[in-house]
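In what follows, chain A forms one complex with chain B and a second complex with chain C.
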Partner chain A sequence: MPDPHQIVAAPAAARPGGGIPGSSRAPRRVPLGVSFGRGVRPWLLLAPALIVLALLLVWPLIRVGQLSLQDYGLEQIVSGKDNYIGFENYTELLSDPLLWRTVLPNTVVFALVCVVGTVALGTLVALLLNLLGPAWKWICSTAVMIAWAVPALTGTYVWVWLFDPFDGLMSKVFAGLGLIDPATSNWFTDRVGFYSIAALNVIHQGFPFVAITIMAGLTTIPRELHEAAEIDGAGAGKRFWSITVPMLRPVFAVVTILSTIWDFKVFTQIYLMPGGSGGNDDVLNLGVWSYLESFAQGSYGKGSAIAVLLTVILLLITGVYLRTLFKEREL
Partner chain B sequence: MRIRTRRTTAVTAAGIALLLTLGACGSDNNGEGTSAADTAAAAGSSAAGAETTGADTAGSDTAASGTAGSDTAGSDTAGSDTAGSAPAESGSQDFAGKKLTVWIMEGTNPDATPFFADVAKDFKAQTGADLDVQFQPWADAHDKFTTAIAGGTTPDVAEIGTTWTPEFAQAGALEDLTQQVAPMKDNLVQGLVDAGTMDGKLYGMPWYAGVRSFVYNKDVFEKAGVQPPTTWDELVAAGEKIKSAVPDVVPFAVAGDCSYCMMPFIWGAGGDVATQQDGKWTSTIDSPESQAGLTFYTDLALKQGLSTPAAATWKETDLLKNFESGKLAMVITGNWTITKITTDAPDMKGNLGAFAIPGKTADKLSPSFLGGSHLGIFKASQNKELAWKFIELMSSDKYAQQWAQSSNFFPGIKSLLDETAKSADPLIAPFAKQMVEAGKSMPVTPDWGKIEGAKVLTKMLQSVLTGKASVADATKTAAGEMNDSFGG
Partner chain C sequence: MSRAIRRTPAAKVGITVAVIALLIFALFPAYWMVSTALDGKAASRGSQLLPQSLTLKNFSTVINDGGFGHYLRNSLLVAVITVVLSAMVALLASVAVARFRFRFRTSVVVMILIVQMVPLEALVIPLFLQMRQYHALNSLLALSVVYLAFSLPFGIWMMRGFVAAVPKEIEEAAYVDGAGWWRMFFSVLLPLVAPGLVATSVFSFITAWNEFIFALTFMSDDSKYTATVGLQKFFGQNTAEWGPIMAASTLLSLPVVIFFTVVQRRLAQGLTSGAVKG
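== the complex of A and B ==
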């Protein structure tokens, strides 16, 4: 375990030389009389990145918006002609009971469970890693990273294989415990069963990122704070909630928001599960639905409208998160 | 001081987090890409080989995405130059210096490279043009076609799954082949001609076809003392005998994600998916006959208990996998999967039997979906004359026969198919019989692609199997969805 004082000292020592560019040096340059350059130069320097971003992110975004206002199918793709129909896709979408009864609840509840699960498990693992000696820490974090490195595709097949209702390991274990009757049950066809397995999969894949990020954050908390609290008689729980959590708020903010975004638009893990690719309407989520409408059925307009809806919901939720959970300056 | 340091660290952490996000996004996209492939497989399932190859390739082959094979045939030709072979055939060199690009689906034939090397040699000899064969995995194919059509980067000729042909033709991407095909029209397998015909015009030259029938485990049948059934009643009786005699084997899995395994029972009961009247399609999946067929099929699982609840979400690949491991007594599967079964499970060899899908009564079989591939010429092609010459070459007795043999499919040429049908091979004859006597196509309309994509039939079947809907309700919903697609 490295001495915390060194960690605190190291960046501080580095500052006079490196520093944060701009903030400390810019004022000194003003007298040199490059006022024009000061206004334009940053933008010039940013231009390549901005252009790339605009091409890769903004243009597709605009295009999806355009498509969502059209009745766009294979014919339109071939002819290259637009076919605007106003907000018809949206009215159709928003008046579809499937959206309100199935797709939206599936997406939101699933994301909620996954975010809570991922962040909670990730935090616990980070706290554990933080307690370990260097060798065990290395071994455990490697193991954790492997869970992360497994592609979603492979991971999903492994979970499906484990839970295979016909001859999977878990169905045998559960049947052995008398919890299910393998002759009559198939948890993939049931909404709760299906999404429980999907949640295990997503949490398993998502927690390493949270764990590693929070572990990095933990190393920045000066040890004296904990020592002082301990001397004052604070227990482990008290120290966690009163020192660790407030100190790591920005880190928690980042991992929560990112997990939310990822878990909302989860696709592979659902699509590849039995019945998840459109055979069972009960288990659709927004991502899969959008994909099915666009690519399986060739209704690119409606698919885009669903994608736009997903984006809007995500923006709203992220916005609310930022307002309620975290103060502005912490980001 | 300390606070600032912490803030810097926090900012750094956030920065790293963002970088990781980008990384994760990348991998996420990969995931989506691959699974996108999977859908295409699902969408293309109709095209005979798609499901078996599609699902299998989804994981591994997508990245390679077909281009890997692209040069094989082409470069081989480069070597076999004009000197020796030119005078051999009716050889003209009218097209010397030109190059024909062809997309062929990967996986139909275990190794198609030597076949196309031969084709390329003959093609060069006959026309003087080079052949560039590019192999595309079934899984990706539908998406690839759509993007190619959109971007104007279609090949000259392509193998097209029979259920896609009307869709692409409707989109205006395919050339009308009626004129060219006319002289040989009577010698083509009718089901394939029907599947490629829209408004009286033929858009795809029938190439090969396959059909699903029963494949069974001889050991299990012997142990239970049952014979291949010839009627539906016998099928139920056989299933029940197996169930009591060999309890650890599932007699007949009713797979929820395999609509083509269900269709024989709907057709066999006299029902149908949809009928066309005055150019307008109407769904008949909710007709009393169709409902009776679906009831019989789902009752095999729900009433007679011949299936397993796990099968409610099974695809054809799951059926095959479990049959290979000896857990199923019989499955409905395509003739092209026989080789796969014997390769995956060598001890199954000699233990396999096949029989055509029995009818309600013994006097006729239940029809089974006849799927396969067309060869089509794209409108955007600059070498249409040359493209037709290639199709002619592929349809010649020599190559049509050779392809059928090496790929385990049936040729789209009637005279060749009739020859195959006389085969004494117990694993070929029942399929050939099924194809000749009771092969049927799905509704030939560009809207069918949409309905297939929406998995209307699968949803109907699954909802009955899982007890979420009655047969009457499920068929009504399905008919409604289909009529929506036909209407719009």
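== the complex of A and C ==
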């Protein structure tokens, strides 16, 4: 891409309607202000954004790293003084069986299930939408948009209500089918039950992004490719794997990695479920554990160490994301 | 439509079933939320698919007795401040990265992408301590400024696509007509990217309106609760008043659902041009 100011002269000369007498003078010179601001202007334009991001995202990130090396509690909050203890929080964290037996498996397995579910469902929905006529396509994509738009917080409350062990619809239906005993069963106290409901919630909210993005990608595939393949005798499944998937590889990569990032740092959807905000250690994930360690237990140092661990995992995934983006095109 | 004609009856049935399944899956939670909110006997609803009696009682309970109207006003105020600030800041920054070539440009873009991935859980601890030190907890303005930071990376990323889509020749025509850069920016570029700005603003509105962790952590004064935090008031120690909770949830979701579906095409367009194809 050429410098924006270098090309000022060329296309302007060819501009239609340049019939004003003497207008041929115009392209000769770049206006004074334009050439003056050349080096400084982009930074001037970026300054507000960079200042906000530096103060509210980058500095806190450095600070959370510092906090993770401290024994930081109520005393330090009041005095405002640092209290460094080296890597003690990390050694404590990494030797904690809760991390290895509960929190890490919860976070990783949950993210995997949600990513696979979201991408698979989103792809199927995109393929379905692509088959429909304009009217039904509009109706279905609007429905998908509504599922996307419902806030995570209220969506979570609805799923909790649906699975409410006393009066919830699902509990009544399952009890009616004789599959559960309504008097004794509570899905939320069981780790698998709890996370199954959370996964349903997260997939329900996440599949629309995948569906809409892949649908946009599908429109870029020339129809002739599919028609040629069909004439050659390829079935729908064969065409999907041999044409759609390779053509949309970059789109799949982006939605998969973005979903992975989002599903690793799920907080609200877990925190707001019964037992999710500290009532049940079995259902903690990294984000909730970090929050509770800090704000419920008052050990901001250990909470920060957990937060740093989560951030490092996410940055590694982000690294993969950026490499994928760079491979596809120039940024 | 040659493809439609070739479809066998079995395929048609399959597609119909799939469409019905999709519509039910996508809309049922929203339906259940609204219908419970309208149900006079929400607590004993059980597996009744239709509300047993239609009433607005749950809505008046949350607004009059629960003070939810006040929380909604707080949320609105925070969201509007966030939208105004982030629209201005994101637009300027996106013009810089979409229209200028300068040293470290790629580094800036990469940094913007990276900070977008930082988990809020990692930021809430240091920001809480910082805000506490500056006595900025319980301040709606401070909360808006934090939300500004969260909505900026995505806003810049999305606006970048819209700015890049404006043909350079139009800008150059303005220069030829004697306009300086700022004149060109306000009279040419700004009107052309206005639709993108609307889409981006909707996104930052939703970010601020939906946010929960920071509002929960920063706001301890009941009168400063935003709607997401205020909603928790309707949960008892061991019980949940599902009628009022669903009514409040409906009030909270409605603006988002309306905004989002109204600008859906534009947003999807922005997502693909800014974030996917870019």
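We adopt the following convention: the second predicted complex is superposed on the first by the 258 of 331 C-alpha atoms of A that agree within 3 Å, B and C clash if a C-alpha of one lies under 4 Å from a C-alpha of the other, contacts with A are read in each partner's own complex, and residues count from 1 in each chain.
The working rule: a residue touches a chain if its C-beta (ideal position, glycine included) is under 8 Å from a C-beta of that chain, and two chains touch if they have at least 3 such contacts.
The structure presented is a predicted model; accordingly, all values stated were derived computationally and were not measured.
J.: First (chain B), second (chain C), both or neither: which does A:F188 touch?
T.: Only chain B is touched by A:F188; chain C is not.
J.: Return first, second, both or neither, reflecting whether A:L153 touches chain B, chain C, both chains, or no partner chain.
T.: both
J.: In the superposed arrangement, which partner chain does A:G303 touch: chain B (first), chain C (second), both, or neither?
T.: Second partner only, chain C.
J.: Under the stated touch criterion, which partner chain does A:G279 make contact with: chain B (first), chain C (second), both, or neither?
T.: first
J.: Name the contact category of A:K172: first (chain B only), second (chain C only), both, or neither.
T.: second
J.: Please indicate which partner A:P97 is in contact with in the superposed arrangement: first for chain B, second for chain C, both, or neither.
T.: Once the two structures are laid over each other on A, A:P97 reaches no partner at all.
J.: Please work out whether A:E75 is in contact with chain B alone, chain C alone, both, or neither, and reply first, second, both or neither.
T.: After superposition on chain A, A:E75 lies in contact with chain B alone.
J.: Of the two partner chains, chain B (first) and chain C (second), which one does A:T213 touch, if any: first, second, both, or neither?
T.: both
J.: Can A:T311 be said to touch chain B (first), chain C (second), both, or neither?
T.: In the superposed model, A:T311 contacts chain C only, not chain B.
J.: Looking at chain A, does chain C or chain B touch more of its residues?
T.: C
J.: Which parts of chain A are touched by chain B and by chain C alike?
T.: On chain A, the overlap between the chain B and chain C contacts is residues 8, 11-12, 77, 80, 151-154, 157, 164, 167, 209, 213, 216-217, 250-251, 254, 267-268, 271-272, 291, 295.
J.: For the complex, give me every residue of chain A touching chain C.
T.: Chain A residues touching chain C: 1-4, 7-8, 11-12, 15, 23, 26-27, 30-34, 37, 39, 41-43, 45-46, 48-50, 52-53, 55-61, 63-64, 67, 77, 80, 125, 128, 131-133, 136, 139-155, 157-162, 164, 167, 169, 172-173, 176, 204, 208-209, 212-213, 216-217, 250-251, 254, 261, 264-265, 267-268, 271-272, 286-288, 290-291, 294-295, 300, 303-304, 307-308, 310-311, 314-315, 317-318, 321-322, 325, 329, 331.
J.: Across the complex, what residues on chain C touch chain A?
T.: My answer: residues 1, 4, 15, 18-19, 22-23, 25-27, 29-30, 32-33, 36, 43-47, 88-90, 92-93, 95-97, 99-102, 105-106, 108-115, 117-130, 132-133, 145-146, 148-149, 152-153, 156, 168-169, 171-173, 175-182, 206, 209-210, 212-213, 217, 228, 231, 240, 242, 245-246, 249-250, 252-253, 256-257, 259-261, 264, 268-269, 271-272, 275-276, 278.
J.: Under the definition above, what is the set of chain A residues touching chain B in their complex?
T.: 8, 11-12, 20, 74-75, 77-80, 151-154, 157, 164-167, 182-186, 188-190, 209, 213, 216-217, 220, 222, 247, 250-251, 254-255, 258, 262, 267-268, 271-272, 274-275, 277-282, 291-292, 295-299
J.: Could you please specify the touching residues of chain B with respect to chain A in the complex?
T.: 1-2, 5-6, 8-10, 13-14, 16-17, 20-21, 24, 27-28, 30-32, 34-36, 38-40, 42-43, 58-59, 143, 146, 149-150, 167-168, 170-173, 256-257, 308-315, 318, 322, 327, 449-450, 453-455, 458-459, 462-463, 465-466, 468
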